[in-house]
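What follows is a single structure, written as structure tokens, with notes after it.
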Amino acid sequence: MASLELRNVVKRYKSQTVLDNLSLTVADGETLVLFGPSGAGKTVLLRLVAGVIDPDEGKILIGGDDMTDVDAEFRGIGMAFQNFALFPHMTAFDNIATPLEAKRSSQSVIKAGVESVAKLLKIAHVLSHKPRALSNGQKQRTALARALVGSPPLLLLDDPLRNVDAKLRFEMRLELPRLLADRGATVVYVTQDYKEAMALGDRIAVMSQGVIRQLGTPEQIYREPANIEIARLFGDPTINLLDVKPARDTRGIYVGLSNVQVHLAGAYETAVGRDCVIGLRPEALSFVEEGAPGAIPVTVEAETPLNEKIVTLVRTVRGREVLVSRPAGTPGRSEGKAHISVDGKSALLFDHASGERIGSKNVVILRNGEAA
Amino acid sequence: MTAATTQRAGPSGFRISKRVLPYVLSLPALLVCIGILIPFLTSVVYSFQRYRLSQPWARQFNWGDNYISFFTDPKFWNTLKVSLLYAGTTVVLELLLGLAIAMLLQKRSTLNNFISIMLLMPLMTAPALAALMWKLMTNPGFGVLSYLASLIGLQDFRWASSPSTALFTVVLVDIWVYTPFIMILLLAGLRSLPTQPFEAAALDGVPRSFVFFRITLPMLTPYILTATLFRLLDSIQQFDIIYAMTQGGPGDTLTVFQVEAYLNFFQSTNVGRSAALMIILWAITYFLSNIFIKNWLRLRERARGQA
Amino acid sequence: MEHTSLLERILRGVALTLVVVFFMFPIAWIFMMSFQTNETILRIPPQLIFEPTLANYTALITGKLVTAAGTLDIAFMRNLWNSVFLSVTSVAVSLLLGVPAAYAFARHKFRGSEDIAFTLLSFKFAPALLVLLPLTLYFQKLGLANTYIGLIWVYQLICLPLILWIVRGYFEDIPADIEYAYRIGGHSWFATFRKIALPLAGPGIAAAGLLAFIFAWNNFVFALVLASADKQPVTVGALAFITSSGIQYGQISAAIVLSITPTLALALYAQRYLVEGLSLGAVKG
Amino acid sequence: MHEKEKDLIDAFLRGQVDRRGLIKGLGAVGLAAGTAGTLLNLGQTRALAADFDWKAHKGKTIKLLLNKHPYADAMIADLENFKQLTGMNVVYDVFPEDVYFDKVTAALSASSPEYDAFMTGAYMTWTYGPAGWITDLNEWIKDPAKTNPNYAWDDFLPGVKNSCAWNGKPGGALGSDDAKQWCIPWGFEQNNITYNKAMFDKAGVTIPGNMDEMVAAAAKLTKDVGGGVYGIGVRGSRSWATIHPGFLSAYANFDQKDLNVSADGKLSAAMNTAQSKAFHKQWVQMIQESGPKDWSTYTWYQVGTDLGAGASAMIFDADILGYFMNGGDNKMAGKLAFASFKANPAAKAPTPNIWIWSLAMSNFSKDKDATWYFMQWASGPEHGLFGATKMDFVNPVRQSVWKDEMFRDKLNKSYPGYVEMFDASAPGASIKFTAQPLFFDLTTEWAATLQKMVAKEVPVDEGLDKLAESIDGQLKEAGLG
């Protein structure tokens, strides 16, 4: 058993609070992604769990045991660092072997262990090289191998793909989930890349300023972001955010977009008459013919292909810029006048002042450490 | 058995608490030095006494008299001026020269490595003996440097014996002896700088002067500060070179603190005054190094922030 | 950095040559004087041509010096041995005490760490003269006067602050993550210190150690004041050639050459560490 | 003993080999110079043993602190005889001259019992005596039970002996009735002229008879000898050592003093008199015109080296400095000559100031009686004669040694004019300074002032007035003025 639990953890540096009364539970075998901008406290949290820094307050439990005052080497953790943190004076083999040596394994066990994990990560041919002779991708795999080799029940991966090139990152993003699942370990994975978070996480914890803003499955985070900030972080191209003031008519609650009333599906009663921000995913917008119901006239400004999508920047008559995304190969407009329609069901509504999403349902919002 | 359970057995073995560990590591060094602190305090007491070894009957506390008398003593102000001038000149020149040499030798090659070790040889020569050799080399008759100077038209260059060139001469010897110290520290510093920023700058075609002032210097600053600090501490306490070359002369041209303190102690046996002089010197170095350390720590902090 | 123009390479070459000439000329001159007697050293004007003699070295090594005032016994080799012994042991003790302390200051920001570090440095401020007189008194009471142990202790004043502060800088330059990675891998702090921190800061330790060695080697006032003639280092020993019947420049030169040799050998042996800086190329990119 | 050694010693005794040749020869067969000397002196030792219990301190060990000096070398060469005579053991620390007095001050100021006796200069006893570091030796000298009957205290040159005796009162006359004998003179230096005869001949210069002639002679030598040779070597470093040799000897010849002592024992500066100013002007002019170019760095060593290497035509400094330069591997070895010097035309005789290497007894010695046994032997007539005739123990302080024909012959043979010089100036030779504890402060400042005058940073008159003012201030501050 290697569940992980943080209870009311506080970490301060000088006068600055880096982690503010944070609580979190990761189930055995679960992969939790810590997602957030730099400076959110993700890395600090990881180091607290690893035991290389100490919390000012709170407890850290691993597998149900209180590890708060236990030194790093006794916590049974494997960790991969963003900058790889390879030992520059040792070969890749020796680097990977260090956790096995700590267990005083025999030479043959070490050799077998290192070679098997190296084969798995496709670095068997560079084991005799020192880090300075390795490519970035090989360094990254070596670092990962070192974290995995001892089969630790708890794996901490600190943005391991950050410093590798795009191609490798893409490959790894495909490989890693299988790799981690095969190990059966509990994983805490830190990233700033939402796609990585979506691809790898059983659950994602979105952090900013030392607080977990939202904790949920990737689906939940994407569909029901807790606030504007999270909505903006997840999704590529980024979500369109427009100031609106919802109103009510007989058909329900609507917002006015370029004189077109777009009716929203959701419990937004409280939003009526308030200053709000509507969040429209670019894929929730689509080009329609003039005269179609709810067609909003726009001017096409520019068009870019993005992966398998085509993203179009359009300008409404009020001059607001909006991104529209459609799968590549589907019809659209690349210039001139056009019309778009909005899928009111997938629209998100946020309070303008606080940025919080309105009408939450199925959404777990965490604030000040209280799990909802 | 899982890894976690095996390892959890560990804490029962030999372990030092995280909080105690740093003290355990640093205390032996501190204790060894503290022993030296006791004589230091004794000297502080001496500095508040009227204490001439040759007049033991007149020994008594005169409290601040030794210090107060300095304020009205033009010789003291001269000492202060000369000491600071000497330290400032040597440190600045050695720093510039040391940095320049380190940059010339920065590229790793067998020749450069060999030259850098060879350049350490002046440092390996005991300053008192080095000064003796320089004194011979600048002798107007037998001195090879005087001879060479005369070949380039300096027929009557008086080196350490003229008030106008004495400072120049001892500074020259100091530079000769101690520049290698700064050079080797900065060379090690230069060579441990990360290469990425430089490669990036080279790719972007950033001008060399910009690279030097905006990348090299800031990254090298902690090393520069360490080297400068140690050099400054030694330089302001310089004795060997000055005493061996000029004994503080001609006139009172080079009566730096240590020369005055030495003469007061060993010749006049005026322990009180000698101790007071050195306490002032100590205070000055304390003050200067405090500034250095503060900056050093700040830079370290910033460097770590960037990483 | 490879795009150096021809002009620049020439200028660099010229500059380096000037540097080498300035720093090496006196050394070369001393080296030449060590093969001469005063008769050829003291010529007006000085000349390059001379008939080399090994007399100076013979005198130093056999301990017999023939001067205007007769044959003198000299203890130069004994002085040389004292220098080696005092410098080596002092630096060894300093490393033993200073490196762990430097590590503590670099890695553990503990209560009062900066104060302790500064205090240790501040011993370097104290002019030797300031502590020497009272120290002689205390050493006599403690039975440390005229002992190697007492001298090695006092030599810590020279070596310890230097090692502490230079090595500390090197430790701080090792990214903490590297050490964390090792500890998380299941190793104790001591194993981490020994297997990671020490090897990585090795060049820094070597450089600081060598500098401390040089400063210890060049010191003479401590031994002069605190010990008797049989424990004097080579720096005091070389002064013996300043005799009332004249300065024996040839012998002093030979003494300088002999006294530089062990240090130089040490430096050449350790050169790849000395000029390497941190061996972190891979980590720091 | 091996045959070779025997042969060598026999040859020496037959006069076929000179002393240096003997020592070189013995060294070549592996025998130390000291041992060689011992062998020669064995006979004398046997004679010493009469009428006195030399074995009273048998088995005891005393330790000496010695300066690396020919005097110490001579003593060490003869030491085996003392050991045999007394059954005592003597160990010693020898330190280089450059740092010797620092070592003495360090050891004594710490009240270290390590050393029983040590070498010192008479000036230093003006500090050591009042500080309580050394013992008044009268107690032993005057006790027949402790001093052997052959010691002959009266045999010492009176000027030299008295210069080592002081009553401890600032300004107290040296050798007064209430004076304490702080040290026993061992060897001493008078300040006279040593000159390069060939250079004098070449420039057509004769030995100067007074200050005016010296200034003129030095100038002419500088001009006419050529090859960069300058006229006169004198010391100029920022140290008491610049004042005490030629400078003070000439100064005293004009009846000038460093300090005045008033009837009530107060001291005041005396170097700003008109006569003193005139003398200073002459001295400064002489250095500017004909001294070494880097005069202000000149110590004993540079003055000697230049003379020995032929860079200077004469020196006005210690006679034994010239003596040393006339030997060894010096270029001018055997080409130097000696003359006494009387700066003041009106003076009757030369009045050289002197430096006295002496033996003092540490107050912290654990066995002073035993120490005195060594001291009386080391300063006794037999060792004096041994040192003077067999080693370079010049100048001996005993009149009996100076009367020794072998010694005079040895000098006359290789050191032309030395004996005459000595005979002319010895009667007037004594310390010309006023004994007082600020000796080093005042002389160092005096030297610094001279440097400023020579560098033309301050006019002579003004410089002396300032110096006197400063010295008066310091004397007052120390409670002496």
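Quick notes on this one:
In this document, chain identifiers A, B, C and D correspond to the written order of the chains, with residue numbering beginning at 1 in each.
We take it that a contact is a pair of C-beta atoms (placed from the backbone, for glycine too) under 8 Å apart; a residue touches a chain by one contact, two chains touch by 3 or more.
All of these numbers come straight from a predicted model, not from anything done at the bench.
Once subunit D is excluded from the assembly, the chains that remain, linked only through touching, form one piece. Looking at which of B-D and B-C shares more C-beta pairs in contact, the answer is the pair B-C.
Separating the centre of subunit C from that of subunit D, both taken as means of CA atoms, is a distance of 38 Å. Distance between chain centres (mean CA atoms), subunit A to subunit D: 92 Å. Averaged C-alpha coordinates give centres for subunit B and subunit C that are 14 Å from one another. Each of residues 71, 73-75, 103, 150 in subunit A touches at least two other chains. Among all residues of subunit D, those that touch two or more other chains are 102, 109, 228, 305, 309, 311. For subunit C, residues touching at least two other chains, in rising order: 42-45, 132-133, 137, 175, 186, 188-189, 220, 239, 242, 247, 280-281.
Those residues of subunit C whose C-beta lies close enough to touch subunit A in the complex are 175-178, 180-189, 191, 196, 199-200, 279-283. By the touch criterion stated above, subunit D contacts subunit B in their complex at residues 101-102, 105, 109, 126-127, 130-132, 228, 236-240, 292-297, 302, 305-306, 309, 311, 437-438, 440-441, 444, 447-449, 451-452, 454-455, 457, 477-479.
For subunit A in complex with subunit C, the touching residues are 47, 50-52, 71-75, 77-79, 81, 83, 85-89, 98-99, 102-103, 130-132, 134, 139, 146, 150, 156. On subunit D, the positions that touch subunit C within their shared complex are 20, 23-24, 27, 32-34, 68-70, 73, 76, 92-99, 102-103, 106-107, 109-112, 114, 227-228, 300-301, 304-305, 308-311, 320-321, 324-325, 327-331, 333, 391-392. Residue ranges on subunit B touching subunit D, taken from their complex, read 52-56, 58, 69, 135, 138-142, 156, 158-163, 245-252, 263, 265-271.
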